[in-house]
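Shared between the two complexes below is chain A, which has chain B as its partner in the first and chain C in the second.
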Partner chain A sequence: MDSDIAFSAVRISTPLIFAAMGGLLTYQAGMLNIALDGFMIVAAFAAIAVAYVTGSLGIALLAGVFFSVVMAALLALFNLRFRAHIFIAGIAVTFLAYGLTALLLKGLLGEDGVFSANTIPTFSTIEIPLIKDIPWIGRVLSGHTILVYLAYLSVPVVAWFLYRTRWGLRVRVVGEAEDAALAAGVNVERIKLQTMLLSGVFCGLAGAYLSLGYVSLFANKMTNERGLIALAAIFFAKGAPFPTALVALLFGTATALSVRLPQMTGAAPQLLQLIPYVVTVLALVVVGIRNARSRSRHGAWRFDVQ
Partner chain B sequence: MLKSILGRGLAVALAIGLGSSAYAQDKLKVAMITSESGLGDRSFNDMMVEGMKKAEADFGAEYVVIQPRAVSEFQSAIARAAGQGFDIIIGSSFDMIKPMQEVAKAFPDQKFGLVDVGPEPLGPNVVSTVTKDWEGSFLVGWIAAKTTKTGKIGFVGGKDIPIIHRFFIGYYYGAKMANPDVEVFESYSGTFTDPAAGKEYTLALINEGSDINYAVAGSTSAGVIDAAKETNTFAIGVDSNQNYMAPGNVLTSMMKRVDTQAYDMIKSIADGDFKGGEVLYYGLAEDGVAAAMDEYNDGLIAEDVLADVDMLKQKILTGEIVVPNYFDLEPGQKEMGKPPMATPPSVADAK
Partner chain C sequence: MSAEAAVPTGGHFSLAGLVKPLLQPLIAVAIAVVVGGLLVLSLGENPFEIYWLLISGSLVGWPNFLVTLQMMSPLLFTGLAVAISFRAGLWNIGAEGQMIIGALFAGIAGFAVDLPTFLHIPFCLAAAFLGGLLWALIPAVLRVWLNVNEIVVCLMMNPIALLFSGYVSTHLLKAPGPTNKLPDIAETAVLPTFSLYSQVNAGFIIGLALCLLFAAINGWTKKGFEWKIMGLAPRFAYYGGIKVPLHAVVVMMISGGIAGLGGAEQVLGEYRAFYDNFSPGYGFDGIAVAMLANFNPIGVVLAAFLFGALNGGSAVLQMMTGLSKYLVQVLQFIIVLILAAQFTWGWLRSRKNAITAQEDRLEPETEES
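The block that comes next holds the complex of A and B.
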């Protein structure tokens, strides 16, 4: 495969992996977080607005994460405190986020639909010593921005916390069997709140990457349902971090192929643009078959279609 | 932002001022209804105000800008204006077709104008315009083919749909007429709302050797311009002047001159030949489209290429050049336009 395609696959997958890590934590804690897009769009807006005003990428990143966490807290408030169904509340939060960012774009930045400015700083690319000299691999892995590496590094970190710490055990117990967790004295509400807020942190990074790393501009609804794709990856991998990241990468690769192949092969672009979605549908079919086979072995809570 | 506040303040001040003071009866009174993006959009609404200002200078027309806050308020805003004795009420955008038609029916003596909409007549007291975006695309295609250093230029459309093909055909025709050897890449991002995808598609074209890419893709276009900035190549903007989005990397923009169109509507009132019920076509010859030139793309296009614009305009006016409109092409048509040129296979197949 052309190294250029692989390079862009790594880049395309980055926001998906961030969002998937965020959604995965709530999935493990037994919550279907459909508001990933809402968190991301707020972060994307906050990050670029703050970068524009302060000129600092660090502060912009923090602002993106902060406001994404605020949205997560709002969803937690609806769901955990007021007992709204998380699916309904999630949709509400997402629409609120879309509307709010469009409104603030006009109100604060005076722009309609799209905002960009030449004074906004950009992340510099990082050349990894040694790796960059390896043929092919060097051209794929080296030369990305810090957030890209952060996304991939977050996968083992999330895995470690989930499977190697007491906290991770509690998260999984809450997800698998809430009653058992309660009986064991686990503070279910707190665990759920924590995973939801962490979900906000990851989506904050995803959103900031979209508006400041991937491109340096903001456009209404620019997440373009990446959160839902991340959810599909989580479903497929049943919330396990490494497989989830792999599925996200698979989706990114499929997208990269659909972008580059029409030029290289002359095939109809519509056909190739189907690739990512066909991959998703196939993935869900595989999950469905697997579920049907292992249904008897799982008594505990699962999102998957039973 | 400051500009938009000033603009809004001015509009409000005007509205109040006009509302309370008596008019001199012989003065032309015009109401402009903004589309959803409102004043300060650096796009159609701001450009229309320029047309108003020109009419003010040329025929002493007084104008009021009315800014409905949402599409749902269009009809009530137009109806209120219709009750206030304006000589003409001018709006823009497809969203305003239905509201304006409804009000026009209720006020048969009021004259209305709607800028940059479809080819269907809207009513006996409404004049509307169609912008020949294919001729504008032809012009920027010509400029791109004359400017490219690699001999390869690209096109990034939002979706693979007929209205976008119309831009591509014009672009292709202009590029090939300027230089038959130029390669024109065609690609569609499949979305109008994803700048990241726009950037990805553009980087792919640049990777193939294209150094000028025409973006016709809504806010996905912003990603095309972002890619040009990052790789130091050129993008071409669309609809309004987008040169400011990346100074030095936006070669030009295919601009719909809604200011000319609005100005001409006011002029027709002043001259007493209002063309109610008609649909007017605005192309290169009518100054309805143009390649945007300003301080942000100063010096990017060679002088002799700019000089070609007048030559092309003249040839279109005399009918020597007819830029093909995608919607007029027949299925399987092998040649298009005048002078005839081979139809690109992607389009011939799609038809």
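The block that comes next holds the complex of A and C.
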């Protein structure tokens, strides 16, 4: 593969991996968080607005994460405290976030639809010593910004916390057998709240990367269903961190190709963009068939569907 | 989900029975208006002026009112589609995708077939219904046969519909010219419009008729009753002898078909060709409509009118002030969020209801995850 395309695949996958790590934490805790897009768009807006006013990328990053966590807290409040259906509440939070950012874009920054400012600084690229001299790999892996490396490093960190700590064990127990966790004295609500807020942190980084990580630009609905693709990766890999990241990287590569291939061959970009969603539906079918074979004999209508 | 409020108050007629189902939606709207007002205030505008603009821009004057009816039309279909499925306990959040596929089918049937008017319009509508139905059949079949969560599949089917229709309208059957659309539909397939001021067309009448039809089905037929029981208590329905899996597929197909008809209204009545990416999210607005309507078809008409008016007024808002039209979307989904919350309404209800709510709580996550 052309190293240009591989380089941009690594870059394009960054927000997917951040979002997927955030989403898989709630997935492991038994909540399917479909508001990843909503968290991200709020973070993207907050980050660029703060960067525009203060000129500081660090503060902008913090602002992005903070407001994303606020949205996560809102969803957690309605789902955990007020018992709102997580999907309905998730959709409401997502579209609320789309609307709110578009409203604030016009109200605060005076722009309709798209905002960019060349006064905003950009993240400096990091050349990794040694690796940058390896022929093909060097051009692909070296020369990214700090957020890109942070995304890929977060994968082993999340895996370590999930599988090597007491907290991670509790998260997984809550997800797999909530009653057992409750009986064992685990504070189920608190674990769920924690994973939801962490979901907000990761989506905050993803959103900040979207608006500041490459070119400083914000557009309405600019997350472009990356949250959904991250969710697809989580589903496909059943929420395990390394496989999820790998699938997210593959989906990101498909997206990178969907930008490049049509330029070179005149193919339809939509067909490549379709891949994550179609693959996920097919994966669900396969998992469903496998489960159907091992299911109880009487084959009654299942009331509760995972 | 506020299932309690979907229960009718019984055969006898009473004022309380009329007011009670309206109370919850009205409170949700009131909270949204207050929160939205504070938001407007913080952006340095006068909330009273803004709300007056929204109302006057949508309801005052014949042209504005007709635009409201136009904005309301697609919401009648998508709102009814979502309401039918939610009422039966099936979370069809794929109305957006079903509408797009319905629109695509109507668009193709509109230009590719040569028929006289009295056949062509029904043919296109049938094609749209079929398109939406097929798109809803995928999550329905997966749900019933393989126990795959229909929400997740619906969620994935939406972008698939958008990208697939994008592929068809930009590559396979693209009309000549710079715009990404299918060729214009034949004159014989155009749904007649009523006025020069707006694009409101015969699709509006069809939407209203469908809402009335399903109000009758829900209220007076055995099927309507069975669907309600499925939504309220699936175990009871199953062991009571209702063929839940079969009904689940049927409900999803009807729901998808109606969403598809919403796409036909857009293509045959408003745009007169299938345009790539034509929908600003009517399928998702349909969720808001259905939630506000409490899954009641007559409520869908009222809720679609409210959101149609807000959408109509938002265009005026965008032109006249420094605010964005997306204020309406914010209001809409604050309402959804509040209505989705289940047990915040305890103080409104009698103690007895509060106790049942407590009992429900002992059974967490039955429908979730």
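One rule holds in what follows: the second predicted complex is superposed on the first by the 262 of 306 C-alpha atoms of A that agree within 3 Å, B and C clash if a C-alpha of one lies under 4 Å from a C-alpha of the other, contacts with A are read in each partner's own complex, and residues count from 1 in each chain.
The rule is short, and it goes like this: a contact is a pair of C-beta atoms (placed from the backbone, for glycine too) under 8 Å apart; a residue touches a chain by one contact, two chains touch by 3 or more.
Fair warning: this is a prediction, and the values are worked out from it, not measured in the lab.
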Of the partners chain B and chain C, which touch A:E189 in the superposed model: first, second, both, neither? neither
Taking the superposition on A as described, I'd like to know which of chain B and chain C A:A292 touches: first, second, both or neither. second
Using the touch definition from the top, say if A:E127 reaches chain B (first), chain C (second), both or neither. neither
Does the superposition put A:V259 against chain B (first), chain C (second), both, or neither? first
Does the superposition put A:Q270 against chain B (first), chain C (second), both, or neither? both
Which partner chains sit in contact with A:V215 here, chain B, chain C, both or neither? Use first/second/both/neither. first
Scan A:I86 for contacts with chain B and chain C and give back first, second, both or neither. second
Please work out whether A:D112 is in contact with chain B alone, chain C alone, both, or neither, and reply first, second, both or neither. both
According to the contact criterion defined above, which of chain B and chain C contacts more residues of chain A? C
Contacts on chain A seen with chain B and repeated with chain C across the two complexes: 106, 108, 110, 112, 220, 270, 273
In the complex, the residues of chain A that touch chain B are 4, 8, 11-12, 15, 106, 108-114, 116, 118, 210, 214-217, 219-222, 224, 255-256, 259-260, 262-263, 269-270, 273
The answer for chain B against chain A in the complex is residues 1-5, 37-38, 40-43, 160, 185, 187-188, 190-191, 193-201, 203-205, 207-208, 218-219, 222-223, 225-226, 245-247
Sort out for me which residues of chain C touch chain A in the complex. 1, 39, 43-44, 91, 93, 138, 142-153, 155-157, 159-160, 163-164, 166-167, 170-171, 234-235, 238, 244-245, 281, 284, 287, 291, 322-324, 326-330, 332-334, 336-337, 340-344, 361, 364-369
Can you check the complex and tell me which residues of chain A touch chain C? 30-32, 34, 78, 82-89, 91-93, 95-96, 98-100, 102-108, 110, 112, 178, 220, 225, 228, 231-232, 235, 268, 270-271, 273-274, 277-278, 280-281, 284-285, 287-289, 291-292, 295, 300-306
